[in-house]
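Everything below concerns the one structure shown next.
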Amino acid sequence: MSWSIPSVNLLSVGPHLIVCVTGLLVLSLGFLSRKPLGRLLPYLSLAGVLLAFLAVMGLWGRNEPGFGRMVVLDSFALFFQAVVLLTAAVTVLISMDYLVQEGADHYEYYVLMLFATFGMMMMASAQELIMIFLGLETMSISIYVLAGWRKEHPKGHEGALKYLLLGAFSSAFLLYGIALVYGATGSTHLKDVAEFLAGRGSSGRTSLLLLGMGMLVVGFGFKVASVPFHMWTPDVYEGAPSPITGYMAAGVKAAAFAAFLRVFFYSLESLQADYSMALWVLAVATMSLGNVVAIAQENIKRMLAYSSIAHAGYILVGMVAGGEAASASILYYVLAYALMNMGAFAVVVLYGNKGEENVLIEDYKGLGTRYPVLGAAMALFMFSLAGLPPTAGFMGKFYVFSAAVAKGYVWLVVIAVLNSLVSVYYYFRVTIKIYMQPAEREIQPVCFGAPAVVAVLLMAAGTLWVGAFPNSYLELARQALPRLF
Amino acid sequence: MIEHVWLIPLCPLVGFFIHGLLGRFTRPSVTGPIASGAIGVSFLVAFLVFLELLELPAEKRSVSVNVFTWMLSGSLQVPVGFLVDPLSSVMMMVVSGVGCIIHVYSIGYMHGEVGYKRYFTYLNLFVFAMLTLVSANNFLLMFVGWEGVGLCSYLLIGYYYEKKSAADAGKKAFVVNRVGDFGFILGMLLIFSAFGTLDYQEVFRRAPAELAMGGALVTAITLLLFVGATGKSAQLPLYTWLPDAMEGPTPVSALIHAATMVTAGVYMVARCNVLYAMAPVSMGAVAVVGALTAIFAASIGMTQFDIKRVLAYSTISQLGYMFLACGVGAWAAGIFHLMTHAFFKALLFMGAGSVMHALAGELDMRKMGSLRRHMPRTYATYLIGTLAIAGIFPFAGFFSKDEILFKAYTQGNIFLWLIGVTAAFMTSFYMFRTVFMTFHGESRMDPHVEHHVHESPPVMTVPLVILAVLSVVGGFVGIPLIPGGNAIGDFLAPVMKGQELLAGHAHGEHHSVGLELGLMGVSLLIALAGWWMARTFYVQQPDLPRRAAEGLGGLYRLVFNKYWVDELYDAIVVNPIVRISVWLWQVFDDGIIDWIANGFALVTGQAGAMLRRVQTGLVQNYALSILVGVLFVLGYMLLG
Amino acid sequence: MLSLSHYLVLAAALFTIGAMGVFVRRNAIVIFMCIELMLNAVNLTFIAVSRYLQALDGQVFVFFVMTVAAAEVAVGLAIIVVVFRSRQTVRVDEINLLKG
Amino acid sequence: MDHAFPVLSFIIFFPLVGALALVFTGKDQHRALRSIALVVTVVDFLASLVLYRDFQTNTAAFQFLERAEWIPSLGITYSLGIDGISLYLVLLTTLLTAISVLACWTDIQVKVKEFLVCLLFLETGMIGVFCALDLFLFYVFWEVMLIPMYLLIGIWGTPTMRRVFGREMPARVYSAIKFVIFTMVGSLLMLVAILVLYFQYHSATGVYTFDLLKYYELNLPTHLQSWLFLAFFLAFAIKVPMWPFHTWLPDAHTEAPTVGSVLLAAVLLKMGTYGFLRYSMPLFPNASMAAMGWISVLALIGIIYGAWVAMVQKDVKRLVAFSSVSHLGFVMLGMFAFTIQGVEGSILQMINHGLSTGALFLVVGMIYERRHTRLIAEYGGMAKVMPTYATFFMIFTLSSIGLPGLNGFVGEFLVLLGTFLVNKPFAVVAATGVIFAAVYMLWMYQRVFFGQVTNPKNLGLADLNLREVAVLLPLVVCIGWIGVYPKPFLQRMEPSVAHLLEKVRAKSSVVVQLEQGKAQGQFAWFAGQDPLQSR
Amino acid sequence: MEALFFYLFGGLALVCSVLVVFLKKPVHNAVALIFTFFCLAGLYLILGAEFVAIIQVLVYAGAIMVLFLFVIMLLNLEEEEAIEGRGNRFRKWLGGFAAVLVFLLLAPVWVLQSLPAVKGTFPPEKVQELGNTVWVARLLFTDYLLPFEVASVLLLAAIVGAVFFAMKRM
């Protein structure tokens, strides 16, 4: 009765480990040290994230399993990890001065951020449903706390409570789904599930499995904020500190889509016909509701929350289409969305000022005159989110839609483009405020911290660069196909 | 010289550019001479061209000179090219000759006016356009001149632009002309679609062979072109702009609205005589419109008190004659009348201008009288003009008008002749009426105006005299009955190929000399009757007009108010369009279309605002939404 | 030996009752308890399936689920305490500052 | 002909370089900013003259071709080229942009730097649209130029307010957003159509490409053509704008700053008409020919409607805007006559409209700068006060109403002729537009310039200064040139137009034969099925 | 025998869970939940999952529920019953109805789903060999090593979070 630990392959969790260890380091240093060192912790976190990013780059192109078959090191995972790390880095950058300004500069923030990042990365590389679940929960629990970081602020803890209750509620469904898939196929390993389905043919398509799959849709749909599982999004986004809102919109969504994709495209691929129509409906509902309600928003964070719902809808269009092109398009979209969304939130953070007093869209009046560069950057992000060339947002949409058209979903794409038409209205409304209406009150001087400014400029440049010269990124996205072991 | 025919229109164009571009650098004193000189050179060239043409054998008198290709598109090829033939040669000489005289007259008349240079700029441009019109060798280039004169007429009528009525009149002239041009363009398009070219020579050469005699196509072409002619030549129903055009300076009226521009329609119909000859229906229409216009305008002329308006209606009436001639196939007679009319109508207008000049701009004949004592030269020349237009032997009008009436009788029918004769009577009446009211009888002038009355300077009277001479002798180029006496008719004959076509199937009856003499006598008597009646009314029994007007009552008012045609047009064309336009703009555009467009935005926005309320902030509702989603997804998975 | 269906139906019933509780109750803590009930229903499913499959993975999963549940409860109750400190209530239908 | 030097790229991107230079110039150095912009645009114009000089008149092929890989993974290339159809539109754009910079010299006083940057960006986008030979590239340029135009209207537009559904908002903002939304409605659907084409081509040939020239060889079944045509139609028709999609135009034109109106009218509208020629007609010949009837009817309605509504406007710019609707009706009518004369006339009319309407907006802008009102009723007797101005205005008015001897006539006549050859009643109705044009323009002219100076505010106005004359003079020269000697223009476009028409005819008959089974080969259905069968 | 215990524990679990939902006082709810957990532990035992059953009692019924009770007491949420009557009845009914619908959707499938017996990797005989706990432990430290480690990070994150919320700083 000999048994041994299966091959560990630390390389496969290398970037995760770097992030996790950085988290632990920050935790212990923060716990032990006093103020002066505390100022360095954000930079330490940043360094860890960047190191992990380098590791991701170094590992690019490898395909191997790790820890038995719990995780996999493939380009797909690495791509998402890169996006998540990028998001995390920007979040750290824009959080530094924000936290000081808000008087909430505690080292735990960075610890939790790193743990959340760790969870996201696990989600991206997991090839086992329980692994995904654990990654998701690691991420979620950290984010619950971060979302309530402004705990004295009534909106801060309210958002956290809602997120927690609904998150736990939806986790139950996700878990139920996992249980049913387990029951139906005898395994929660993605590869085994795929092989089970391939081996059984149509007889493997049991009601049990279909129900399980439905529950998984619900669970992931919640995390990516798809209608009708989206309702937490605006409230939580508004309540959370702005940097975390950005992080949630870009990072959490990316990670959730990573898992969503891996499960549905590569494990349950043979059931595509069964779920694509349901996703079709969800995609249409998500796009439409997100865009339509965004019009009526007055708070820019809420507006961006609805916009993130809408963008989830666009990505779902790609999910409906299925196939490798769609997968690549979603990857590219996630990257593009991360860039422009983080950029937009970086501006929101910078312009928000102390106590997030400038978060109404009305407050953006006159920004373009007072701070031309900041205004131009925000306008750029808005144009990109609206999907105007030559920005990343346009290329992303273009690629996703083309994948859907390729599969013959022309009418879905027509609905999608009409939706992005609606979105033009509210994104442009921000630019109207920025440029076309004078400030009604004195704009409090914005305190430009170097890290946040760097973040804004980086994201702006990235949005333009990735949009105007997308080829290499598209190529990366194409190479980033998941391998299941 | 013929190959340099392009110099003829070019000279005035150069003049135009000199005034237009360098106007601010030249002294006013040289403006007039330069402008007149430019036209003078044109006349000279035209005359040389004419002489050269005469040297050619009659059948070779048609030379086309292409300068450069203007439009080139597919099979469409339009050159800027000129045609020298008897018809255009006559027209060029008339236009440049009369134009030159009027330019000279204007130097005096317009002296000291504010926009003196502007005036000569426009005037040169006008002559350029008119010369282009008559010398072009294709329809499209003719159309350039055609519209060009319309434009200049707009500019010159609106010369006193600060006066609303002048500006209105200018616009009206242009717009009404455009209505006619609409027909012209369509006619041109139809010609191109039938022949694939717009070149006169080719069209007229091929027409007899390629078009059916009296066929729908040729009828349509000619009728459409005639619509253009009615606009330009102020025929029913598009004549309304011409009386208003008297708002312009008097020499303008003389030049544009008497001698040249309005004759463009006649010229065009004569030019297309081949086509018209093939379309009897159109011929009939031309004749009838011409005759009706002649009598219609003459009747209005009898009641007007504004001297220029009388002359304007007389112009319309005389143009009616010309069309009557064209309509019965006597194109040469029409052109003959065009020429003599150019002389005496220019003379009359300039005489009237001289009067106005003396009376500080007074136009109402009721405030004139006994001017002959003050302005003998003006009186004499004006009288000659009147005798000419009334058709008193041996003045120019007698010959040309008589030929038309004779042709109307022989080639048309008795009704046309009767109308023509009636109109001739009216013409004689109202023309002598102007003479008597203006120059004879008691003075009715304002005392302080009377004090300043003076004869005009030589620069104005010399042109009058020249024109008077022409009005006297102008008719002798078309003496009937004597063999070879009708020089102009013979000269124009090669162009009037339509006559041969008509002759081919006409009755071919030959009319006796006696008939012609008889008709001459009748028209002479009629003219004298007009003189007698005018004399009775305005010299012997000055209160008779009033009584007559009262006696006629409604009929008089109808005529006096010009049959309310302007008002009618306003009511049935202008106002409805304006009202519809306002409706389209305010209701359809801003209302319906925009409302739909904005409506989508509104509905979306409202939907957003409504759906927003679903987001109640209550976490249990959110959970409910999730549960509904669960139900949907599971339901779909199981049942879908 | 009872069939798998028995356990599955029981688990589904418990899951449903838990879900129902989420809507019926207004006390955040009780709602949280109901969610725990749902998680337990899932656990039952895992265990039942695991036995049916003659595998032990399900039991390992339950172990992880419990870990997660514990973590969630810790954080969740902390948040609820914070909410209560600030508002003196944990009734979720009075917590609707964020909406629209 | 292949130039060693990428002329087109230079023309397209040089303004962008200029914009970059502006970004690094101090924002208060207005003079320097304007000078830089002027130099850049003038150089660009001169560079575009190289195109005119070296253009081969005897070929229908695309010239000055440039080709580079851009996004090879999707088969997207950066490929440029012009033919006789686009040559003049490029020239028009560079000319008018240079003029615009000069025209806004004193007009724009706030955010000068941003304004000029927008202008240069706009130029890049506009020229790009006319030169792109890759559908993706075309779409990118098409959308890119939306943003600067949107900003031009929205930021530097007029300061009036307007009620929309009971809410008070600045009219310029309303107009700007309306412009964007209207344009995007069409263009987004066009994007879908482009994608369908892309996959259609792929399933026919196995190649992924957006290359327009390759698409030209694609034979699509008629009903698919109809759908795709409809999508493209919407995009282009809104841009043109054809009735009834025109309502964005009066608003945008009226509220935009002078230069914005000029470029909007002169160039942006042409993108729609150009799109029909370059894309709709050769790609979907059968659908285009089938659409001839109803498009012509819409064009006719536009001609009359625009003219009538223009007639009763109280605002000069609105009047000119509606006149654009009417003029563009002519362009569309001629184009969809499918005759050489019609199409050439419509291309020429595009240029004419660009020149004359652009010029009209310029002159209106000049007086607006002096008086800050566009209401006709505020003026009167201006000819007395500003004679030089009145003269220029008159020339542009006459050009706009199509006086023979000026440019407008040549285009209009060719359009009428081209239409007449295929459909006489349409030409008859269109010809009435000629009458109405005279009515509304001259009436406006009369109300503004004639009569007594009734408004004391108008008394002291200065006549045009040297700069303004310099702005207008090039336009007058062009107007006269095209009017008197249009041959060089027509000559250069003739091979392209003839080729286009021939291609349309040939392709459509091939498709008809294929559908009747009389020809070899078959249609390419991507993924083996009709993409429009909803899934 | 199994059936008896199944119905006993199952029935009790159902009753207690209903009490969790419908008893008015939070403390009572918590106690009912503890009973439910006990019943579930019983069921786990029937199903041969001894290790999980023990954990269930120790961790769930023991630790977690104590935490609940502790917080309930801390917050002194006793006036709950007074206001429980109010509230949105419509939502209550709708939510309840929807939940029942979910059940109605699931239950028939479970009943009709006749899954054939499978021969798995861990037949009861094999489990009996070393005992359930050993096998589960072995799985945890071999195949599920990484999740196990991740779970530790998860707990750490939860601790940090809980501490953050609970702590009062200057």
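The chains carry the letters A, B, C, D and E, assigned in the order they are written, with residues numbered from 1 in each.
In the analysis below, contacts are C-beta pairs under 8 Å (C-beta built on N, C-alpha and C of every residue); 3 or more make two chains touch, one makes a residue touch a chain.
Since the model is a prediction, treat every value here as computed from it, not as a measurement.
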Partner chains shared by subunit A and subunit E (touch criterion as defined above): B, C
Contact distance in steps, from subunit C to subunit E: 1
Innermost chain by mean C-alpha position: D
Greatest separation from subunit D - chain, by CA centre: E
Taking each chain's C-alpha mean as its centre, the one farthest from subunit A: B
For subunit A paired with subunit D, centre-to-centre distance based on mean C-alpha positions, whole Å: 42
Distance between chain centroids, defined by C-alpha means - subunit A, subunit C (Å): 26
Separation of subunit C from subunit D, taking each centre as the mean of its C-alpha atoms, in whole Å: 63
Subunit A-subunit B separation of Cα centroids, rounded to whole Å: 79
Subunit B: positions in contact with at least two other chains: 601, 612, 615, 617-621, 623-624, 627-628, 630, 634, 638
Per-residue overlap in subunit C, given as positions that touch at least 2 other chains: 4, 8, 15, 18-19, 22-23, 26, 31-32, 50, 52-53, 55, 57-58, 60, 64, 68, 71-72, 75, 79-80, 82, 92-93, 95, 97-100
In subunit E, residues with contacts to at least two other chains: 88, 91, 94-95, 98-99, 102, 105-106, 109, 113, 115, 118, 120, 143-144, 147, 151, 154, 157-158, 161, 164-165
Set of all touching chain pairs, with the criterion as stated earlier: A-B, A-C, A-D, A-E, B-C, B-D, B-E, C-E
Subunit B contact footprint on subunit D (complex, rising order): 164-165, 178, 181-182, 244, 246-248, 250, 305, 308-309, 311-313, 339-341, 344-345, 381, 383-384, 398, 403-405, 409-410, 413-414, 416-417, 420-421, 424, 427-428, 431-432, 434-435, 438-439, 442-443, 446, 449-452, 484-487, 490-491, 494, 498
Residues of subunit A touching subunit E in the complex: 1, 3-6, 8, 13, 20, 23-24, 27, 66-68, 70-71, 106, 108, 111-112, 115-116, 118-119, 122, 128, 130-131, 134-135, 137-138, 141-142, 144-145, 148, 151, 183, 186, 206-208, 211
Subunit A-facing residues of subunit C, complex: 4, 8, 15, 18-19, 22, 28, 31-32, 35, 38-39, 41-42, 45-46, 49-50, 52-53, 55, 57-58, 60-61, 64-65, 68, 71-72, 75-76, 79-80, 82-83, 86-87, 92, 95, 97-100
List of subunit B residues in touch with subunit D within their complex: 68-76, 140, 143-144, 146-148, 151, 154, 158, 161-164, 166-168, 170-171, 174-175, 178-179, 181-182, 185-186, 189-190, 192-193, 577-578, 580-582, 584-585, 589-590, 593-594, 597-598, 601-602
Complex interface listing, subunit C residues touching subunit E: 1-2, 4-10, 12-27, 29-30, 32-34, 36-37, 40, 43-44, 47-48, 50-60, 62-64, 66-75, 77-82, 84, 90-91, 93
